[in-house]
Structures are given as C-alpha cells and as structure tokens.
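Worksheet for the structure shown next.
To keep things simple, chains are lettered A, B, C and D as they appear, and every chain counts its residues starting from 1.
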Amino acid sequence: MEQLASLAPYVLILPLCMFLILGLFGKKMCPKVSGILGTTVFGIVSVLCYYIAFKYFFSGDYQIGDTFQKVTLFNMEWLRMNQNLVISIGFLLDPLSAIMLIVISTVSLMVHIYSMGYMHGEGGFQRFYAILSLFSFAMLGLVVATNIFQMYIFWELVGVSSFLLISFYYFKHSAVRAAKKAFIVTRFADMFFLIGILILSYYTKTFDFGPLTQVTDGHVEIVNSTMSGVTLLGFPIISIAVFLIFLGGAGKSAMFPLHIWLPDAMEGPTPASALIHAATMVVAGVYLVARLFPIYSFEAPHVLEIIAYIGAFTSIFAAVIACAQTDIKRVLAFSTISQIAYMMVALGVSGYGGVDGLGYTASMWHLFTHAMFKALLFMAAGAIIHAVHSNEMDAMGNLRKKLPITHITFLIACLAIAGIPPFSGFFSKDEILVAAFETNKWVFAVEYFVAGLTAFYMFRLYYRIFWFGEPENGYEHEPHEAPLNMTFPLMFLAAVTVITGISWAFGKFSFTEFISSDYSSYEIHTHWNIALPSIGAGLVGILIATFLYLEKTGRPNKAVSYIKKPYIWAYNKFYIDEIYLYVTNNIIFQRICQPIAWFDRHIIDGFMNLLSWVTNKTSEETKEVQSGYVQQYAWVFIMGVITIVLLSINL
Amino acid sequence: MNILSLFVIIPLVMMAVIFCVNGEKKSLIRTIMSIGGFALLCTSAYLTIQFLELRQIDSTSEFLFTESAMWYERFNIHYSVGVDGISVAMLLLSSIVVITGVFVSYAMEEKVKEYFLWFLMLSIGVYGFFISLDLFTMFLFYEVALIPMYLLIGLWGSGKKEYSAMKLTLMLMGGSAFLMVGIFGIYYNSIPEGSEGTFNIQEIAANVQALKANGGDISWEYIFFPLTFVGFGVLGAMFPFHTWSPDGHASAPTAVSMLHAGVLMKLGGYGCFRVAMYLMPDAAQDLAWIFIILTGISVVYGAFSACVQNDLKYINAYSSVSHCGLVLFALLMMNKTAMTGAILQMVSHGLMTALFFALIGMIYGRTHTRDIREMGGLMKIMPILCVCYVIAGLASLGLPGLSGFVAEMTIFVGAFQHPDLFHRVFVILGCSSIVITAVYILRVVGKILMGPVQDKHHETLTDAVWYEKVAAFGLIAAIAAIGMAPLWLSNMIGGGIENIAKLFTYGL
Amino acid sequence: MNHEISLVVVMILVLLADLTIGDKNKKASQLLSIGLFLAHTILCFQWSNSFSPTEAFSGMYLTSEIHMFVKNMLNIGTVLVFLYAYYWNTHENKSHAGEFYFLTLSTLLGMYLMISSGNFLLFYIGLETASIPMATLVALNKKREESAEAAAKYILTAAFSSGVMIFGISMLYATCGTLYFDGISANFSDFNLSIMGLVFFIAGIGFKISLVPFHLWTADTYQGAPTSVTAYLSVISKGAAAFAFMCILMKAFSNYPEAWKEIMWWIIVVTITVGNLFAIRQKNLKRFLAFSSISQAGYIMLGVIAGSDQGMASLVFYTLIYMFTNLAAFGIISSIEDQTGKVSMDDYDGLYDTNPKLAVVMMLAMFSLGGIPPFAGFFSKFFIFMAAAEQGEYLLVFLALLNTIISLYYYLLVVKAMFIKKSDSPLPTIKIDNMSKVGLIICTICILALGFISPLYSFIAERSFGF
Amino acid sequence: MNIPVESYFILSTLLFFIGVYGFVARKNLISILMSVELILNAANINFVVANRFIFPEQLEGHIYSLFVIAIAAAETAVAISIIINVYRQKKNIDAKSINELKY
C-alpha cells in the first residue's frame, strides 16, 4: 500500500516533466535524443503502471473475499470551493483504473516506439514527443481521477493535446480545420458535461467518486437521498444530470451526432491517431459512464436505455459509412466509432452485480481488446502509408509480399475485430451480444448485423490493401517493409491480441475475475448459442468481401450500381458534416454573430455618438441667441426676469 | 512608514526623477522605469508574503497594514490605507502588468519621457485605488487613473485615436459622474444620529449595518446602489456601457492597452464589489437581478461579437467585455465561492489580456497590420511569439493548468450553488460562453498562426527580442503559476471575501 | 475699514505717481503702483490677522473675518492681473498705463464695499463703483474697434441691469420699509411685490455674475476687452459679486429661502448647460473662456443654493481656486496674444512642440477647470457638490455632473490642440516677460498644491461659520 | 385733492416699461441711454413715494433716490464717452451697427 502510494505520483509527474522538458528545451536537443528520452521515460512510467496493476490484482492486499476494494493512493487538495466542494488531484486505484492504466501505458509505449520510426525526419519531432507526453499525462490523470472534477480537468487536457496533435501539420489548412472542428465539437459536449457536474454537485454536495459510487442496498445513497423526487420540466433532475454527463462522454467517444470530428481527426500523424483517436482518448466516454455506472444503473435506468439505443444506432450508422470509404484511415476511424458504440451498448444493456453485470465486464474487456487491435490496425495502416505515401485504397493493392509483417499482423487484427475465434475480439464481442440478447432483443439484432458488417468492411479493407492487384500506374518506387522500431509494436500488439484470446479460450484466465460492475468476480462461460451465429455472421461478411475484393474485377462496381443512392449517401457520410457546416456558418455566424456585431457598432455605439452629435448640433443651432445686438440682449434679459417673476409669484 | 504608501511613493519618485532627466536620454529613462517597476514588483511580492504571515497571526481584523492620517477633518476625510486578500491580489496583478508594460514599451521612440510620465500617473491612480480605504481618496485615485488615458491614446495611439481617446475619456467620466452622486448619497445617508459622517469604508459599512439594525430607513440604498454600480460598471465594461472599450483598446498603444484592460478595467469590478455591494448590501441583494441580466447579456454578447471581428484588438476587446462581464456576473451571485471566483477571474483576465495585448502589439509591430485576413502561418516565421499567443488563447478559453480555468470553474460552481433557479439558469447561460470563447480564439489561432504563410513579405520577419521575451514569459509564468497552484491565492482572496459575503443571505 | 482706507490711499498715490513721473518714466511709475498695491496686499494680511469685527456708517458697512479673507483673495488676484498686464502696459498700452491701474483699483474698491455692505444703498454704490470704471477699462484700448464695441455693450447692459435692480430694490423698500439687510430679513414675506423685488435684484446681480439669461454681454465683452481686463472681469469681479450675492441672500432673505431656492435651481441648471453648450463651438480662446466662466458661475451658485455654512465655505474655496486656475489660463493667453496677437484655438496647434512650458501650464489649468484630480479644481468641485448634496439637491448635483462631461470635452479640445494636433505653422517659441512668468509660476504652484493643503479649507470653513 | 398711492406705483411701473421698451426698440445709442434714465427714474419714484406715503418717519428712500441720480449721472457720462469712442470708429451711433462680436 505505502509502496504503491509512494510510486503512484510518478505515474503522473514523469510524463508532465517530460512534456515540460521537451516543450521548453526540445529545440535545443537533436531529434533522436528527445525521442529516445521520451520513450525511455515513458517506458519507466509503463513499468510503474504494470507494477501497480499487478500488485493490485494479484497481491491480494486489495480484495476482501473476492471483491476488489477502491483505494486512494494519494489525494491532495487542489482547489477548495467551499466547505464540502473540493477539487483534489489524486490517484484512485480500482479494477477499472487498473485496467485502463494497462491499456494506456501499453498502447502509449508502443506508439512512442513506433513514432521513432514513423516520424523520423519530420519537422517538429521534439514537439511531437512533447505533446505525446502531455497526452499520456492527461490520459493517465483522467483514468486515476478520484473525483469527477479532476476527471473534467484532465478531460480538457486530453482534448487540447488531441487538438495539438491533429494540428501537428499546422501549415496544412485541412489539418487546422480538422483540429478546430475536433476541439470545438468536444468542447461543446464538455459544456454539457460541466453542467451535468454542476447539477450533480449542487445536490450531492460532493465531487468525490467515493460517495458517488457507493452502493448501499440497491441505491447510491447520497444521490438517492438528495435528488430523488426532484424534477425539472417533468424529468427527474438526476436523469437530466447524468444524461448531460453522458453527452460529455458522447462528445469524446464520438457518439452520433457528435461523431463528426473523429474522421477528420485523421489529419493528424498516424501514431497520434493510433493512440488518441483509436485506443485511449475516444474510450474516455465509455470509461466515464463505467465510472459512474452505479448511478446510471440504479438512479437513472432510462438514461442507460437511451445510451443503449444511441450506441446501437451509432454502431450501425458508422459501420455502414465505413463500408463506403476509400481512405483507409477513415475506414478505420468509422470502425472505431462503431466499436466504441459497441462498448456503449454493452454498458447500456448491462445490469449491476454478478452475471447481470456481464455487459459491464464485456464492455470493459472490449475496450481492452479493441484498444490493442485497433492501435495495431492504425499502426499497420501507418506502415502501409509510409510505404506507398497515400491514404487512398486505389493507390494500394497486392502488398502482402512487400510488407509481410504488416500483412500478417493486419490480418490478425482484422480477424480479431471480425470476431473470429480464437482471437480476443471474438470473446469480448460475443459477451456483448450475450448481454444484449438477455436484455434487449432489438439492440441485439442491430449489433448482430453490425458484427457481420464489421467483418465485411474490415476485410474489404484488408483485400484492397494486400490483394486485389496493384494500382493502375504501379508504385512510383517499390514499397518496402517498415524498420524494426515500427514493426515491433505491430508484432507485440498482435501477440497480445492472440494471447489474450487463446488464454481465454482455454479458460486460463477469465476477465470477469478482474473487472465486474461490483468489483467482485463471477463465473461465466461462452454461450455457443449466441457465439456460433455471430461467428457465422462474421464469416458471411468475410466471404462477401472475398467475393468482391479478392481479385481486381468489375464486381465491386456492379455491386455498387445495385445500391447507387445508399452508396452515395454512405460515401458522403450521410451529409452530417454539411448540416453542421450550414448551422455554424449560415446560422451562428451569419444570423447571430454578424447581427450582434452590427447592433453593437450601430445601435449601442451609435447611440453614444448620437449624444455627442446632438450636443454639437444644438450648440451650432443655438448660436443665433448670441446675436451681437445689445438690444436683443436686453430683451432676453427682461424676458428672463418676467418669466421668473411669473413662475415665482403666487397669483 | 506604511509599506502600502510605497505603492504611491515609488511611482511619484520615479516621476520626479524622469521629469528631471533630459528627454533625449531614452535608454536612461527606460532603465529607470524598469528599475522602478521591478521595485514595485518586489514590494508587492514582499507585501503578499507579509500579508500571508500576518493573516496567520491575526485572522480577525478585516484589513491589515492599516494606516490613517487626517486630511480634511471638515468632512472627516482621511488618507487611510489598508489591504485585505483581494487588494493584495490586485496589487500583485498591477505590479506584474506594470513591469511587463514597461518592457513592452521599450521599443517606444517618440516622446519617451512624456509617455512614461503619463504611464506612471496612470499606475499611481491604479495603485492608490487599490490601497485606499477612504471613499474620497479612492475616487480621487480612480479619476487620476482615468485622465492619462486621454493623452496616452491620443498622442501615442494608432488609427482613429483622437476619436477613441475622447470617447473613452468622456464615457468613463460619465461613469464617474454617476459614481460621485452615489458617493454623496452614501456619505450623507449613512450618518448615524448625532455624529458626523465619514468616508471610511469600514465605518460606513458598520454605520449602515447599525442603521439597519435599529430599523432605520435604508430606502436610499435603492437609489444610490444602481448609481454606484453603474458608475463602476462603465469601467467594468458592462453592457450597454462597454462601447468605449473596443475603440479605446484598438487605438491605444500596446502597453496602455495592457494596463487598461489588464488593471484599469478591474477597478470597475473592484469598486462594484468594495463600494456598491459592501456598503449597500440590501439594495444589492434586491436589485441584483437587473444587473445579473445585463452582465449575463454582456458575457454572451461580447463573446458572440468577438466571433466576427477582424481586427485582433477588437477581438480581444470584445472578449474582455465578455470576461469582465463574467466578473460582475459572479459578484452579483453574492456567495463566497462565486465572488472568490470573480476576483480570481479579475486577476487571471488581467494577466491573460495583458499578455494578449502585448503579443498583438509585438505582432503588429512586425506585420504592421492587425487584420486577421491579411496574416497567416506566422507560426513558421515567429515561433516564440506564436506559441505564447497560443498559450494566451488556451488560457482565455479556460484550459486547466492555466489561470482562466481556475477562475471560471470557481465562478460556475460557486454561482450554481445559489438556491434560486433564476440564478442557476443564468449560470448555464454563462457556461455557454466557454464554447463561444473557444470558437473565436481558435478562429484567430487557426487563421493567423497556422495554415500556409499568407503574405510573402512576412517571411522575413524576426522573432521576439529579449525585452519582449521578458514581458511575455513573465506573464505566462504568472498565468501558469496561478493555474497550477491556485489554492493559496483563492484562500487569500476568500478570506477577504468572507467579510462582505456574510452580509448576504446565501453569502457563506 | 482698514482695507478700504489703505486702498483709497494707494489709489491716490498711484494717481499722483502717474501724474508726476508717469510721463517721463512710465516703467518707474508702473513699478511703483504695483509695489504700492503689493504693500497694500501685505498690510491687509497683517490686519486680517489682528481682526475685530468692525461696523461703520451706522451698520451700512460691516465686516467679518470671511469678508477679510475674500478681500485678501481679491487683492492677490489683482496683483496677478497686474503682473500679467505689465507687459501689455509697457508696450501696447503705454499711453494709458496709469489709468489702467487707477481704474482697476477703483473697481476693486467698489467690490470691497459691495462685499461688506449691510445695506442696499452701500451695496448699490459699491456695485456701480465696480462696474462703471470697468466699462472704461474695457474700452481702454481705443485703437481696437472691438474694444469700443465691447465697452458699449457692457456699459449699456450694466446700466440697464442696474436700473432693473434698483427698481427691484425699490419694491423691496416699499414692502419692507427699510434697506438694511437684517431689517429686510425681518419683514420679508411671500408678498408678491417683495418676491418681484427679489427677482429683479437677482437679475441685477446675476448680470455681474453672468448667470443665464442675464449673461449675453459676457462673451462679447470678454472677447473685446484687453486680455488682462478680461482676466480681471472673469475672475475678480465675478468672484466678488458671487460672494456678495451669497452674503445678501444669507443676510436679507435667509428666513424665506423657498422664495429663491426654486429660482436658483432653475437658473443654475440653465446657466451650466447654456454655458457649456455655447462653449463647445468657440474657436476664439477668450470667448471660449467667457462661456466656460459662465458655466463655472453656475457651479459657484451651487454653494449659494446650499445656503449653509458649508455652502459659503465651499463657495469661497471654489472662487479661490477658480481664480488661480482661470488666471493661469489667461496668463498664457495674454502673453501669447501680446507677443503674437494669436488668440484662436487653431493657432495653438502643436503648441507643445514649440513652447512646452506654456502648453503644460495651460493643460494644468484646463484639467483643473474640468475638475480632474489631483489638481485643485477637483477638490473645489467635489466640495461644492457636497455642499449642495448636503441639502439633498442630488438631482441638481447629478445634472451639474453630467454637464462636467461636456465641459471636460471642450477643455480637452484645447489640450488636444496643444498636444495631439500637428500644425504646419506652429507658434514661434515665446520668451515671456518675468512679471507674467512670476504670475504663472504662482498660479501653477497653487493649482498643483492648493488641493492637498487641507488647512486652507478648514481656515475658510472656520471663518465662514455664521459669517 | 389726494391721489391714491397705487396710482404712483402704476405710473412708475409704466415708466419702467416705457424705459425697457425704449431700450429695446430705439435705434440710436443716445436714446437708449435716455431710456435707461427712464428706468432709473421709475425706481426713484418708487423710492420717494414709498418713503413719503408708506414710511414717512424716515429718509432712506429720499437719500437713495439722490444717490441714484448721482450715480446715473456718472454712468451716463462714461456711457457717452464710450459712445463717442464708438462714433469715432464707426462714424455712426446706430445700435445695430455694433455687432462685430457675436456667436
């Protein structure tokens, strides 16, 4: 305990220091040094994370019976609002944060290594590593938050570091535009998050997760005692609060309709996409909901239902779009959206405690596995782009010989995401489907379909890259395999994907031992009645993909020609961006800002100028009074006297 | 001698010295200025430490370092000074802005001597206002601070400077006209039976409380509170009395914009708080809603109109309107947390906006344009300046770890504790400003700093020189310091707030 | 009585000096007269230290400490005017220098009587003694057509207004049966005839203080008269009249304030506003200051409407500071006019670049007139407003304050001309004579210092208690 | 025969307003001066009458009117001299002609 407590601060301090050092003195260092420095330091950090997680799970000091305890390793007061509302920076250790620590440190470390190769020779190499450290700091801080406001703080920080990474190529208009979009959309969502926090804290008089997630006989006491029965506009206030908080999460996790920023965010360098926009930051929303899960589950079940529906819709929506994209990173982006939606669905359909909490467990595990293979996919994509210098599918094809390692790892990841056993993805996805099946058939149906769709578009991607024949005008120079510091992360993550999957398959370890809605482990086993059909769906998707894209044939176009309209719509992402664009430009800027600015200049300011004008004008107009005729002076004089007399004497 | 008087004496001495120096010896004058400014900075830092120590010992008395000397005994006017946590914070802010302002105006070549004389007079007014506990001296310093603006803008300004200078001066003087009537009203109506009136704020407050306790007539508050509040509100850029600010800031020379937006506008908020609300709590409480609406408007309104401006200074001026609106807004929420947030916001906005104006000045000095449509991709050309600009922008859109976030969050959380729904609805309205702020900040950052280089002539421009770096980094350091470790500051301020907050129903 | 006597003596001596050595040695006679008057001034200070309330002509003439103070004040002002006038008298006005001093002093004598009169007869005599020589002073420089015109307007309006005034006094006499102030205050009632008398009287004295609507002569006369005389008019005679006015209101009409408070309220508002509005458009600085002085008179009247000891104190204080401030302004104007003949505001463009000192002094004067701290004007304004506010005249104070914004506007116009505007043909660098220099230095010091010297105010306040 | 006091006052008031009318209406500066005299005399009548009929036991009114007459003389003298000065420059004494200074 003490030992961990003494170690824990460094998890946050080291990356922060790295950020400051690289940020301030990066210019002075030569790129290589800064890269190695950043990587090694983060290596230390990840070792720390592993150690902490390991201790937590296996030392047994932290579980009573088979229930894991929440432990606050340190908690220092940062800002005191009033007697009970305190913002503190701390380190909360529980299964949830432990898992997240592992995920983040692993992926982030891999990305650190990978970037050494990928970003090699880029301008602003040091800047990249500085921001990478900043992001790692923020993300770690987010997951270990002891109170919701600390979470909000680091929430904002990851937001800004994502902004900085997207706008890494700041001299490109598209990058800047994407970065702005990402920041503002998430900021917009954060506003709701903040309001949610305000409402919640107004009633519960605390930010602290301890009381907020303390379940006593089927209720979160503090919430139930203060907020039950309070309604606003007919809705129970608690539902409003937690829904607003969820909206915050929806922004970061790119739930429909706040998903528009994520595809554009691919403008950033690929490692950044792998880390932030595939593995870690985008799941923050899921993490948020999981963190406050007791409140959702007990105090606002309807909101949980809504979350499920939103998730379901988003997942299918994104999957459909993914089928029509040609930019490989965008395909991956949409698949990310759809997979995160999966996790949301899992939470949405989950209950609390024991087997009811299966969805919770499944979503967390899917978060874990997805982080691994999606990061892998992105890095592989990066390697491919690195080789062919393009994001477009048309510029690729037939690369399986040229990039063997990339090819294999990519394939593994595809299988995993397509839910083919024994890869990790299969199991997590399977559990999600089970949970959905037991709770909500409609959602289940959608997710089942999405599983097939996922398999299809992933293998479409796979075939387009590695088979399908070379592009028309060949490659201007022969694509070659990436250097080791890029391929190693691929192999490592592939290994993780495989191993977790297999070890689960042979029941070596069960995720449920580690994480469950009430932190006490329980037994589950694969439901083949659900699993087999889902595998079937996956296979069908793969087969269709194979049929269409294995060789260069006219089939794809023919297939498209059957579904022209939907294809166009999907290709244009259902025109959501255009709608947003219209709203911001034509409504907010044209209809609100411009008029206000005009009003200010011409009405308010105009009034002030009017006053001075009137004064000067009267001064000019009245000059005739001073006519220069002495007799008129006398006239005015006597008239004045008479007027005063008439006014003052009492007749 | 009392340490507080130093804040007036040091600038006076500097004025005397510079007055004697031959105007041609520019570098000498600059040196004197930087030395003096540094002395002021040290004094305020020392004061802060002393204050915190003394607070440990004596936590009861409202003001520390008090000193009082009879001036006009006919009206019982004293030169009486004293500070609580709030004024200490303000003094610290002023010192930082003043010294950085000096460094920023190092490049000034024309009529250096006169420029710095007026600059010093302005700072005397500011310091004097923050240290004085006597309404008369307070008002005196207030106007002392206002008038130099006219010549500073008119002589060294740019654009339609004469118009802006005149407009600014007259509008602020109009504000002080309201204020003066308010002061008279307070003075004469707070006189207890059988004793003579006083200008001392503490005594007045005590008298008013006694009057209320004895069931005396306090209806006068309802006439003079609005007058006083509006009087200070004009300087606090409260809608609809804010229009001097865009033109004024746009025309003013850099350092003056810094000092004006950074410190002088804070006089408004400080006065609203120290005079209007402290001395007339009942009226404040009953009439708050009017001003909550007005300030709530200016928060959103300023942000929206900043979104479509094309002149950098205009953008910043409007964002100042929005942020200072937030200050008054939080003050009117009348509870300790919100008020603390308001003061924090004053400090943080002071630093932020000073940094902004400094950087805008530096950029303008190089590109000779402030129109964002004519700039682009400056990040490549002058990285240091631009990174500073980005930091300033992030601070102003409330990035955690920088001062803006601390202030805004304290305000929102505090204000939301108000049990009345009306208030909370307006708080939510205020929250929307953080999004709009992000919009216009990113608009500028994306337009002028990022993207491809717009104007080929800009490619030859140089990056910051040493004194500019000193100014910018100094301000950034302060911003970050507050943002990282806000606790001591908010506690210091909170201590001062309590005395006033306890007058209100939901104060504590 | 000492003041008057010694003044008469000085007058005679000045006259003799002019007659005897005036023709041969102008300078000497002038210096002599200035010296004599200086001596008189100092003596007066001596006497006011050892003071005992005197009364003469069976109570027609009575004097108290505050009267002494005001008289000394007027003396100082006159000294300053003499200092400014010296250059003009030694160059342009060589032939009539002697008259200048003699006439000025005789008007001063008139003001003495006017101030310390206890009876309408003496008051009337004093008033006329003050205004008739004034006309000749205005006309003093015979060559200039303006001067004659200004004088004509002045004397005609003066005669007219004094006619109106004594008509009013006659009504008061007819109703109250006495011309002694205390007698009047005893018998005064809201009998229409006596109220009419009061109004006519206010009109008569309002002419001297140039209150609206009795002000129209002011601008023309100020512009036409020689600048030193204008300075004298705008400061000394106005101040004396204002003080006398307040004394009379306090003595004769104090027990029936309703009758005049209302009237004064309106007169003040109109005066300040009209003065400001007309001043905005002026280009000729003398004319500009004329209108500014009209609005200043309005502010002075705030003390009158307060009608209290504090009102009296702040009125005197205001007049004192107004005297120094305005004289500083006129000092600049006259010395520039004497040397270059330029009085238009446009001529002052870029003055700071050529004559920084003059520009700075002028700026100080303008700020002080506008009531900008830390200059003396701020304090006087603040206190006189307080005096009015004490009587609950908040609305009036507020209107007056709004007017100060306008006034600040045109004062800043002058500052703008001198400092901000650039001129292709700026005034040449001017070497001002030592006399004016001394005067200007005194004024500048007073502008900077008087506000902070609180004992001065308490000195006045003690004396003005009950006067 | 005895004449009621009021009629004296009516007379004086008439005289006063005639004087005012003259001052405002006449062209010639001299006649304007003369109308000033009328005003003064109106006042004098008031004084004397008030003294004679209302407060017969004192002399203030009489004295006052004497002073007024004296001062009026002085005033007129100065006025005339100034008017002469005006005539020197303008070659006429028309009231309308002296309006160089205005606005």
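In this section, a residue touches a chain if its C-beta (ideal position, glycine included) is under 8 Å from a C-beta of that chain, and two chains touch if they have at least 3 such contacts.
Here the structure is a predicted model, which is why all the values come from computation and not from measurement.
Across the assembly, the mean Cα position most removed from that of chain C is the one of A. Interface comparison, A-D versus A-C: the higher number of contacting C-beta pairs is recorded for A-C. Work out the mean CA point of chain A and of chain D, and you get 97 Å between them. We define each chain's centre as the mean of its Cα atoms; on that basis chain A and chain C are separated by 78 Å. Chain B has its Cα centroid 38 Å from the Cα centroid of chain A. If you average the Cα atoms of chain C and of chain D, the two centres end up 27 Å apart.
Among the residues of chain B, those in touch with two or more other chains are 170. For chain A, residues that reach two or more other chains under the stated contact definition are 612, 623, 626, 628, 630, 632, 634, 638. Under the contact definition stated at the top, the residues of chain C that touch 2 or more other chains are 152-153, 156, 160, 164, 219-220, 281, 409.
Chain pairs recorded as touching, per the definition above, are A-B, A-C, A-D, B-C, C-D.
Partner chain D is touched in their complex by these residues of chain A: 623, 626-632, 634-635, 638. Interface of chain C with chain A (complex): residues 152-153, 156-157, 160-161, 164, 190, 192, 195-196, 199-200, 202-203, 207, 212-214, 216-217, 219-220, 259, 262-263, 266-267, 274, 277-278, 280-281, 406, 409. Against chain B, the residues of chain C that register as touching in their complex are 310, 313, 367, 372-374, 378, 382-383, 385-386, 389-390, 394, 397-398, 401-402, 404-405, 408-409, 412, 415-416, 419-420, 454, 457-458, 461. Interface residues of chain C, counted against chain D in their complex, comprise 120-121, 124-125, 128, 132, 135-136, 139, 142, 145-146, 148-153, 155-156, 158-160, 162-164, 166-167, 169-171, 173-174, 177-179, 219-220, 223-224, 281. Chain B contributes residues 71-75, 77, 136, 140-141, 143-144, 147, 150-151, 154-155, 161-162, 166, 169-170, 173-174, 177, 180-181, 184-185, 187-188, 223 to its touches with chain C in the complex.
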